[in-house]
Amino acid sequence: MSKPRVATVWLAGCAGCHMSFLDLDEWLIELAQAVDLVYSPIADVKEFPADVDVTLVEGAVANADNLELLLQLRERSKIVVAFGDCAVHGNVSAMRNPLGDPGELVAEAYRDAVTSLHGHLPDPENGIVPALLPRVMPAHEVVRVDAYLPGCPPSADRIRTAVEALLAGTSPELAPTQRRFG
Amino acid sequence: MSALRSAAAAAGAAGAAAGPLPADDPRVALLTTQLKKVRYRADALIDVLHAVQDIYGYLSPEVLTTVADALQLPPSRVLGVATFYHLFTFEARGDHTCTVCTGTACFVKGADALMAGVSEAFGVAQGATREDGSLSLLEARCIGSCGLAPVALVDGTIVAKAKPDAVIAAIRNAMEASVSAEGAVREAAAGEGGAA
Amino acid sequence: MSGGVDLFDLAQKEREEQATYRRTVLCCGSTACLSGGAQATQDAIRDAVAEKGLEQDVRLVATGCMGLCSRGPLVKVRTRGEDDVLYADVDADAGRRIAEQHLTAGQPVEDKALSLEHPFFARQVRVVLENMGEIDPNRIEDYIAHGGYRALRDAVNTMTPAGVIDVVQRSGLRGRGGGGYPAGSKWKLLNEAKSDQKTIIANGDEGDPGAYMDRTVMEDDPHRVLEGMAIAAYATGAVKGYIYVRAEYPVAVRRLEQAIRQAKRHKLLGKNLFDTDFSFDVEIRIGAGAFVCGEETALMASIMGQRGTPVLRPPYPTERGLWGQPSMINNVETLANVPTIMRRGADWFASIGTDSSRGTKVFALAGKLDNTGLIEVPMGITLREIIEEIGGGVAGGKAFKAAQTGGPSGGCIPLKHIDTPMDYDSLLALGSIMGSGGLIVMDEDVAMPEVARFFMRFCMDESCGKCLPCRAGTYEMHELLDALVTGRGTAATLARLETLCEVVRTNSLCGLGQTAPNPVLSTLHYFRPEYEALLVPDGAHLAGLPGAHAAAAADRASASANTSERSA
Amino acid sequence: MAGVNLKIDGVEIEAPAGENLMQAAVRAGVRVPGLCQLDGLSVVGACRMCMVEIAGTPRPRPACATPVGESMDVHTDTPRLREHRRVLLEMLFAEGQHICAACVASGACELQNLAAELGVDHVNFTPPPTRLEMDLSHPRFGYDPSRCVLCTRCVRACAEVEGAFTWGVAGRGRETHLVADLGVPWGEAESCTSCGKCVSACPVGALFEKGTSVGERRVPRALVSTLTARRERESHREVLK
């Protein structure tokens, strides 16, 4: 029997969830032996592959690339896990929502702020910065999500509990202390 | 020292949020009469707020401070009550008001279109007052004239089985009437050598 | 001077005075007719009567509501020894013609006359509205001449409080505010409470948008409310009464204030009434625009000058109510039934209506009908009889779709249940309620999900904000209904709406929240296909977003997107 | 005081008459979730988190406001109650802007704890599109209305324990919000004694001490309860005689 195919993706988030994932230390070696990591920000794979068993999604859906990737990975994954608070409910990534028009935010960040390096907008036509969505969304507002792994970031032991359960073919049962937001 | 005066003093001390009521304002006397009528009882707060709105047209922080002090109620409680009830308003209304009834009978007979029609014709949002202060567009939750649905009130006068055009015309009439009345007053004043 | 002796004299004098006129012209002066120009009509008739020198012959009375509001202004001419003639759509011109032809020459104006055999009138039974269109609400003499305050006098002079309660209990009178709690049982609870500071409250906070029964009673027969309250006070041992009136009803407030002054002057309110130990006073309290104040505990908070937020029951008001003292709240219409019940007896009242719902009910009949207005019908009359006979059928030849009773707390009754008898239990079985009396008829053009959204917006606006299920639940339900109506709702939206209905219904603190889901549940129950027709595929909301590749996204997402209410 | 015998989640207990079901549940080793209830303050029964089922009663009742009754058979944790609490909590989250990762109360927040306890691991409702402005006018404390859950514990602590009546509830429905005095900035509220009881009573991070950052909330929630219990106890003692 072939090994389960696992992917992790990084949408709009700070990568903290992936850092926490790396905190699993030596268990990662066990995991690496048990699964095939077919797509991940820590692996250089360009195209999200087909027939993935479990995909962990870090980050909220904030821009066109996020949306496209999430729709694509949903089609190609059996189980999609919202991995961390940004994917679960938007979290810090969604704090821009009450600020209004993303166009103004981009202008402020790239052009008008005193800290702006270049003093001009990035050129979206060249694909440098993907278009921002009007509203940042949690993963489940875009696609079906099979399991939620809250935390900012989820601690290594939460991740391990969830991934072990998923690989064993059961739905993760997190203890109350393991499912706290924040 | 009257309760009102001490309230005014207290409000003055509170600074910008609630300045003192001007002592020579005749409305202050009206309010004092009302407060005496209810014998400064705290449970008469709603009656008093109605009176304030009748006298001043709306509830200002200054008057609310006065009321709180006169009835010996915490200001937070007075504001809590005043903001709970929809009939109390905290901004001056326009010169004219159009109230569209949005009760069930009127809803079934097209109150939405009525509201939208007036809103568009006069460029005023529902619940708002036109920038020039000429018109407030309000909604009422059933004025109990369901047999005449849909209805609107223009300056308190019912327009029954109302179509948007009829209500718009009634508002225009009300506006023109007040303009010509003002004009008449001005002319009269001019005729007397501008003594007014 | 005692009210008891005076009353007979007064009634006799008034009747003799009235009998000196050969004709009486009763002009409807209720709000609806006034807004239709009734004042001009009255003026025209008065002028014409004066012109013709008929002042000694014709008595002109501005009465309360005659019911058929959609045909107003209404005028009734009563001539000694002849049948009454009713006129509809009487503008000033018609008024003059009536004066010139009918009042002067005895020739009815045929083209304006409406037969009193018209089913709108013939099918009604008038208990609460018995004086409507008959008396001048501004004159206590007119009320007394029509038998007013006799029931109070007889109760105080000849009956024990327990005896009065017994009559009310045997009559089977149930609360007309919506709940239908037996009035006699409530009175008994207050009677048994130990306190010398008991209060009774007449609930005139008629908030159901589309209902104006209580307003009409308070405006057009104010003494009936006062007499009902005084009888209730005698039966329960209450010393003080409050009438809580919506601020939106300024005429009702004025008429009630005037009626209280008149009743005090005639010693029908105040200390030691009818030379007994019984004392009772009434005060008016005015609301300020809050539907939730129709709820008992919120109403009491409002009377005490506070935010009208409901508090937990128990304790019930009859144990701990206004200012901590035992209190009882009765709807205005409930109280308005009492004088007639006392005068004509429990058996007479109980003979009207059905076994579980005795007496009559006043409805504000509105919506897409030819004849709309205020009607009083025996309990148990079918919806079909009301709509087709009294209401004259759906207007414009359209098909009947549903009728809403109970307003934002009620539900709709579809065509297949049009033969349901209108009583408390039958309506409850259909998922609606009797409510306070709003009865809105909807035709085939009305979209039921929009009706549900309309009522939910009402509940959202009127939620007091104290308890979470109602405050947040009505908002979220409105959002979901809005999504459905505007073509943004998916199957998950509908599923979530149904979950919320259950959560809000079960967990809300007071009746407003507990019943807020009713219009949704009821329209979903009878018109589910209308909701389903509005659904869009999952993921449709992503169409047009950058990255979703326009239309393709919706298709792709629909295969995989969230369909379950909750995945855990 | 006469004892009342009842059953809570199958455990038979005896509780003093007059005790409420929330208190009695503790005797049965059961903790009923709650948010608006705080020992030492009056009971409002508004958050509906503590709804329990009582055999023979058609509708669940709030445990905090329901006195024990003889032979009551109370269930505090049925599937229906759990489901309803989860939905209610989700709606509460969606009423404001609750971002635990950026909140002073994280780790010491009753809303956060309830979500974890009840299994709210995501929220199916959308928070409002705007954020309300923080009130940082008070020299020592701050108020973030977007984190307020309208439990009114601060309002009651201010009125019932401190007697200042600075905080009030204004508006209604979804617009319900806290006000200081006549709606002035907190720092300008003349009646405020800066006692901090409201901050200590706040179950979330809506009221906070200035100078504290994410997860740094220090004030004990039990302060108000301790004060009222102590006042009650000591006022009966003739210590100074």
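We just call them A, B, C and D in the order they show up, numbering each chain from 1.
To be clear about the criterion, a residue touches a chain if its C-beta (ideal position, glycine included) is under 8 Å from a C-beta of that chain, and two chains touch if they have at least 3 such contacts.
Only a predicted model underlies this, so the values are computations on that prediction, with no experimental measurement involved.
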Chains linked by the largest number of contacting C-beta pairs: B-C
Distance from subunit D to subunit A - Cα centre to Cα centre, in angstrom: 34
Rounded Å distance, subunit B centre to subunit C centre (Cα mean): 27
Whole-Å separation of chain centres (CA-atom averages), subunit A against subunit B: 53
Centroid spacing, where centroids are CA-atom means, of subunit C and subunit D in whole angstrom: 39
Subunit A, residues touching no fewer than two other chains: 140, 145, 148
Subunit C, residues touching no fewer than two other chains: 290, 307, 461-462, 464, 568
Per-residue multi-chain contacts in subunit B, two or more chains: 77, 80, 84
Chain pairs in mutual contact under the definition given at the outset: A-C, A-D, B-C, B-D, C-D
Residue ranges of subunit C touching subunit A (in the complex, touch as defined): 539, 542, 545-549, 553, 556-557, 559-564, 567-568
Complex contacts: residues of subunit C adjacent to subunit B: 31-32, 35-36, 68-70, 72, 206-212, 215-216, 247-249, 285-291, 302-309, 364, 366-368, 372-374, 404, 407, 438, 440, 442, 446, 451, 454-455, 458, 461-462, 464
Touching residues (chain side subunit D, partner subunit A) in the complex: 93, 97-103, 106-107, 112-113, 115-117, 119, 121-124, 126-131, 215
Sites on subunit B touched by subunit C in the complex: 41-47, 49-50, 77, 80-81, 84-88, 102-105, 107-109, 140-149, 151, 157-158, 160
Residues on subunit C engaged by subunit D in the complex (per definition of touch): 290, 307, 312, 460-469, 471-476, 479, 496, 499-500, 502-503, 506-509, 514, 565-566, 568
